[in-house]
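Chain naming follows the written order as A, B, C, D, E and F, and within any one chain the residues start at number 1.
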Amino acid sequence: MILHTLNRSPTESRVYRQALAAMGPDDRLLLIEDGVQGALPSLVRHFGELEGRLFALREDLEARGLAGRCAAEVLVVDADGFVALTEEADKTVSWF
Amino acid sequence: MQHDSVETAGELLIILRHAPHGSSWLREGLDAALVAAAFGRQVTLLFCGEGVTALVAEQTAGPLGQKGTQPTLEMLAMYDIDTLLVDQQALDERGLTAADLLLPVRPLAPPQLAAALAAHPLVLNF
Amino acid sequence: MRYALLVQGGPYSHQAAHSALRFAEAAIARGHHLETVFFYHDGVYNAARLAAPPQDEPHLVDGFRSLHEAHGTQLKVCIAAGLRRGLLDEREAARHGKQGHSLEAPFELTGLGQLIDAGLSHDRLITFSP
Amino acid sequence: MQHDSVETAGELLIILRHAPHGSSWLREGLDAALVAAAFGRQVTLLFCGEGVTALVAEQTAGPLGQKGTQPTLEMLAMYDIDTLLVDQQALDERGLTAADLLLPVRPLAPPQLAAALAAHPLVLNF
Amino acid sequence: MILHTLNRSPTESRVYRQALAAMGPDDRLLLIEDGVQGALPSLVRHFGELEGRLFALREDLEARGLAGRCAAEVLVVDADGFVALTEEADKTVSWF
Amino acid sequence: MRYALLVQGGPYSHQAAHSALRFAEAAIARGHHLETVFFYHDGVYNAARLAAPPQDEPHLVDGFRSLHEAHGTQLKVCIAAGLRRGLLDEREAARHGKQGHSLEAPFELTGLGQLIDAGLSHDRLITFSP
């Protein structure tokens, strides 16, 4: 299982499509930095098939005022949880 | 929004298209606006695309203490920068309304965006 | 576990270096050994000796230095990416006929091979890009 | 392309997602590949998205003499880097086929992309 | 009349939509750097309504091997033509 | 006409500086006066004194210097963007208690107000960004 990180919003960059195309059926995706915007209810549909495998970094949501606006299906983790995700994954691939 | 008021809105339009915290574009664009205003120039801000998230009310400092851009935004009025235009489509796309924002803004539809660019002698895009 | 980080974003221009430092703290707090931070692409600018960031912003160079001093983390800067961008230590400056140097210790210039080694020999490599 | 051959393809997968000339990402990714190969590592390249344009045959030096990446691509065989995977969708989207490219490549569909990532112990994404 | 420049491919970045939304009916768009990829016949549709006002920089097309692959409706200009476009426009706005 | 260019991309990392130089040559060839090149955001890295680009690549610093020497173009680097990124002249280095300097002459540190002035007083301002 691979952990993928994504630091771009789907409204601005289409790299999320590359990340999705490269993800295996058990892989996980963590939204960080400007990528956390994808956790908004109106944008989360871009990540359609990932329920239970889509994460967003709490610190980056909070800094942007988006923590209270996150879609229910997104699993919010803090930096400690980010490290835990990298422990559980065989490797981590960053998309930017 | 009055179409006319955009067309007479000032010398300098600064377009802000980036989110806070992720990069320095937003801060550096705001710095350009404040400096221009400090030198007596009439400045209009236009928040487009991801830039509209710069105005979300609940933003905070970053986890390492990065102050972000909210303190700068709160200083705009002191610099007489009070024409804040936003791209209505960018708000809609993110499920945001003017009520979610820190500061009062004037939402614009695309033809008005083009009018705002045309009306300012200098346009800087960040 | 043994961790390596790859930082590819310049300081202040992008959040990459901030994210890497935050991750580093969290990884160490979870008991991991952060052996290496490798700086490539614009990440090499994090090693600039003369950076004078605003007083009210986190000082990234100090942050990376603390990792080295407290945890022995090696701060490795790709030499080829650094030379192109003006990041030279005293030895490289002399080799290129330049006066002075621009690389802050304990950052050190090293070959790109060390990134590959770190990636293959450490348990985890996490990348932070602009 | 044989699915199996991707799964046994080597230690290091380098993903190249940027065009030549516009940024240094492509060059710096290729440099990482060459260095790894020079140290005896088995390297696979995967051209995704805009990266597929790195392989377009007719590219030239830039107007100021920027050499671009074609000379480096032509050295790959010398370094025993001969597994060149490309994202088929990225070719299709640009109206390109394998015949338009400098070097022989193996086009992959998305499930094979995921298999390629899974099969390599280290993946570096440029 | 404003000259807009765009240095991103529509396959990777959605900034072209921002540029289009901000363009007036007489404004022109010049594709430069990685943006010239948008002049490919399969991608030029992203700029649908701009016939006669869509330009691409020859030097950047050539360096990328795309000069012979450009859609017929794109007006190709060299650096001298780029300068001429900036002379004719009241101002230039760069999208990136 | 009087032209100003704004360069926001670092050297080698992005094409912005190459594009700006190419445009500069073409504008001058068409008889325009290129008065100012202003460097902001990562564009300030173009002024790095110790950059040692590969021999077989265009030397961007020399390219900008030639504009200054042959055509009197002023090469203005935003001081705030430069300080954050480690671009200091001798005076700023002394002010910040740093040894040495990292800014190549004839690039000069200047306030952001000069960008606004150039934008409003010159006939054209063309921006090259990463």
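Quick note on the criterion: contacts are C-beta pairs under 8 Å (C-beta built on N, C-alpha and C of every residue); 3 or more make two chains touch, one makes a residue touch a chain.
Everything quoted here is computed from the prediction, not taken from an experiment.
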Other chains in touch with both chain E and chain F: B, D
Longest centre-to-centre distance from chain D, chain (CA-based): B
Centroid comparison with chain C (C-alpha atoms), farthest chain: E
Centre distance in Å when chain A and chain C are each reduced to the mean of their C-alpha atoms: 25
Whole-Å separation of chain centres (CA-atom averages), chain B against chain C: 34
Whole-Å separation of chain centres (CA-atom averages), chain A against chain F: 38
Shared interface positions of chain F, touching two or more other chains: 12-13, 15, 22, 41, 84, 125, 127, 129-130
Contacts with two or more other chains, residues of chain E listed in rising order: 7, 11-12, 15, 33-34, 59, 79, 91, 93-94, 96
Sites on chain B at which at least two other chains make contact: 21-24, 49, 62-63, 66, 121-122, 125
Chains touching one another, given as label pairs in label order: A-B, A-C, A-D, A-E, B-C, B-E, B-F, C-D, C-F, D-E, D-F, E-F
Chain D contact footprint on chain E (complex, rising order): 7, 9, 11-12, 33-34, 37, 40-43, 59-60, 62-69, 79
Chain B - residues contacting chain E, complex: 15, 17, 48-49, 87, 89, 110, 113-115, 117-118, 121-123, 125
Complex contact set, residues of chain F against chain E: 1, 3, 8, 15-16, 19, 22-23, 25-27, 29-30, 32, 124-130
Of all residues in chain E, those that touch chain F in their complex: 5, 7, 32-34, 59, 78-80, 82-84, 86-87, 91-94, 96
Chain D - residues contacting chain F, complex: 21-24, 62-67
